[in-house]
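Should a chain be cited, it is by its letter among A, B, C, D and E, assigned in written order, with residues numbered from 1 in that chain.
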């Protein structure tokens, strides 16, 4: 499948309609999810503030998922020197950073009523924060290298290094957490989560995922088009 | 037995610009080929491609029938516009390092220094050397560690007349020993050899 | 009215070595004097002394009848073997800085760039320029900020034939405008002018 | 003073490109605030007392380790020749370099320091003093450091020499500043240390440029 | 392996000349020991528990700041071309550079760290473990840092970038090392954290050179 679309022409023609369609689907899902999350009964323990979870948790999940996508794309662009894969990686990074920022923001918004603090050195929080730094580093490197091909390879290398490190960071932070019990009383979510909350959560998660793929495809297409345009103008300029 | 360097319709690009297309050349053992051309024509780029640093847009660069690989890396000397000498270290330290790193020995380094009349300068730090003296330290590497293919970028520019003739004979010996030299120059070298003009925008 | 540069039995030493003794020369407005000599003879040292960097062992170097002082510093351009351009900045950034720092303006910098056919390169970082292009960026400073005395160290080395003739005319105009040029060279310049051989150990 | 502005812009650009700038400040902020709790265990109670100290360590180390760039590169690539032949005396050039060093390394850290300290649990009232100390102390670091950097120019073991020369010079500002902050946090009179710090930094600001210029002239000859 | 030795000698010489070596250790020691007590209001009781953590963060910062020198200069003066054409693959070159970086910056700090910690009131028994952790962790810092330095080659804002890239990668070693030391000081089982630290450093030692070599090749092209 991936190799089928590896050829930019085929990719462009195949995905012309995919983006908008997914986008519409995402819109519907979001609407349903949000409606559900507001009609869901307030949590006996967290009260109304539990509704933040429907925005927050999927965002946090996406933060990790998108980084996986970024790593995958980078792998292909590095091994097969594939322009399309690089375009995909380039397109994915800002989206992932966005989801991560959303998770952090909503998370600390949630933490205020729950823990009485904007920030708590909880394992999961910390690892997401560090993940956010990974995204920032990647974006910064992209921005700082102007030669297209070199930027592609360098940032791909960085993304893969990061991919290896994400789980390590996750693990290390959890290990650290077992050493020092965090100041938080509230253990994040856990399996003890009511169905009435789980359903909207799942739908929101699905909506986020679809939305991501819609945006990803659109951004990748624009990336491909942009590079083509550059090549054209250069050819018109007679290579000078 | 060496079969030399063969470049077949090579095209190179830097940044977004194509420098040249469909360039072919052959360099056989004992041959000197000097590259001429305007500033920015792509001489240095060609040398770097031949050294295996730059991967061409299209076309092939084969040495001993091989594409760029580790074997080639050890079969050539590349001396660019910059010599990579460290200002804070002495000429002798740098010369020794370069010689040993390229497979030579301290003795060969010493011999090379003699050949280029560097002994009186060996204890000076690189930053204290004059331009020509510094260039000679860089050139000494070529002698101190024998390798068949020399890729030289304006090797003679800062040398005085006497040193130019000396290094001319050095190059001649290298050629007569079956070596190959590909040199980018603006002023013709004091040796017989073919010349190739690289066209392209300035 | 300018009275030019007058050097009277100058002797210079570097490290513990005396380079030359009792050297005298006069450079009057509109004159070009090219210094020749072996590597390590002391050409660069002499230029640096004339620029006021090195204090001579003995003898005097007077410009406009003055010993080295701030006034002189602002009346001369010194362009050595190294150009002081920063690899990470763009050609335009560096050219602008050098021009404005030496009393020129952005417009004069732009004009100088045009004169040396640098426009297409102005957005490139210095590290991406070819040797000759980089040298031209350095030379553009001379045009962009007019100063009577030019002290040049092998100004032409990395330039191609065409650029050499262009810069030759630039130097000619500078001279005809009453400027002075003291240039250390290994290959003769494409201009009429006196030459002075600096003897000394290689 | 146009020339001074031109020079300052260039120095800032280089210093930021060379590893200073707000981004580094934020990087440090992030580093200290993220790593310190991870390293010390999350009990912020214990941390709070040391937040200012940590900020100071970061500041001093940053200033120390970014010094070499101040003159060495311009010296080796010939840019100092150009600077020496400009419309301004070398003293002014040294001043510009010191200020750029400060703006690129000291200031961002000074901005970052109080935030980091508070994030680590220092009482917000301290923040302002921390900022003031860090900013003023950073000025002292930049100029004392600059003296070391210029004196070490062209020396064989430049970096080492810099450290040796600079280290003792760093002690006073470090002690005054940290002392002031610590005293304030402990509710003791802090104005004394702060005053000394200001005096020291202003003195270096006034004297260091002459030392630097002399050292550079010597290196160029 | 003769070539490797030759290269290692050269790298060490350059790294020391660039300010590494024992002097750096002393500077580090001085900063940490003078700063923290002052900031802590010199209540060594509180200090003692915190000393190892602080030392660790300072260690991380110090290794962070000396990274830019690792590849940038060789890249800009053409020395990397020579290194790329030597008898050893670029992976080995990267390994040598990493080791030199560690020996010139990590080791001195590792020697200084326990002294600092003890001077700050940590119990002497901890010193040995602190040294071991600092030495091994420094190895991890040097190589993870090297990856950042090589990837950022030829980028416009070298130093800044390296810091931003490398910071998050430093989290695990800091956590493990400080965790082990803290646990030991608290009489808890420490071997786990120490083991993880060793594992992490050895992993980077094994993998980082490939990433660095790839990045350098990319930069030279």
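The definition used in the following text is that a residue touches a chain if its C-beta (ideal position, glycine included) is under 8 Å from a C-beta of that chain, and two chains touch if they have at least 3 such contacts.
Please read all numbers here as calculations on a predicted model, not as lab measurements.
Peer 1: Return the chains common to the contact lists of chain D and chain E.
Peer 2: The common neighbours are A, B, C.
Peer 1: Considering A-D alongside A-E, which chain pair is linked by more C-beta pairs in contact?
Peer 2: Ranking A-E and A-D by C-beta contacts puts A-E first.
Peer 1: State the chain with the largest centre-to-centre distance from chain C, centres being mean CA positions.
Peer 2: The chain lying farthest from chain C is A.
Peer 1: Can you compute the centre-to-centre distance for chain A and chain B, using the mean CA position of each chain? Integer Å is fine.
Peer 2: One centre to the other, that is 49 Å.
Peer 1: Between chain C and chain D, what distance separates the C-alpha centroids? Give it in angstrom.
Peer 2: Roughly 37 Å separates the two chain centres.
Peer 1: Please work out the Cα centroid separation of chain B and chain D, and write it as a whole number of Å.
Peer 2: 44
Peer 1: Specify, in ascending order, the residues of chain C that touch 2 or more different other chains.
Peer 2: Touching at least two other chains: 81, 88, 125.
Peer 1: Hunt down the residues of chain A that sit against at least two other chains at once, touch-wise.
Peer 2: Within chain A, the residues that touch at least two other chains are 130, 133, 140, 146-147, 173, 176, 179, 240.
Peer 1: Where in chain D do residues touch two or more of the other chains?
Peer 2: 17, 23, 30, 34, 38, 41, 156-158, in rising order.
Peer 1: Which residues of chain D touch chain E in their complex?
Peer 2: 16-21, 23-24, 27-28, 30-32, 34-36, 38-41, 46-47, 49-50, 52-54, 56-58, 60-62, 64-66, 68, 156-160, 162-164, 167, 170-171, 174-175, 178-179, 181-183, 185-186
Peer 1: Spell out the part of chain B that touches chain E in their complex, as residue ranges.
Peer 2: It comes out as residues 51, 53-55, 70, 73-74, 76-78, 80-86, 88-89, 93, 97-98, 100-103.
Peer 1: Residue numbers of chain E touching chain C in their complex, please.
Peer 2: It comes out as residues 76, 154, 156, 158.
Peer 1: Any idea which chain B residues touch chain D in the complex?
Peer 2: Chain B residues touching chain D: 87-88, 125, 127.
Peer 1: Under the touch definition given earlier, write down the residues of chain A that touch chain E in their complex.
Peer 2: 78, 130-131, 133-134, 136-137, 140-141, 144-147, 149-150, 153-155, 157-158, 160-162, 164-165, 168-169, 171-173, 175-176, 179
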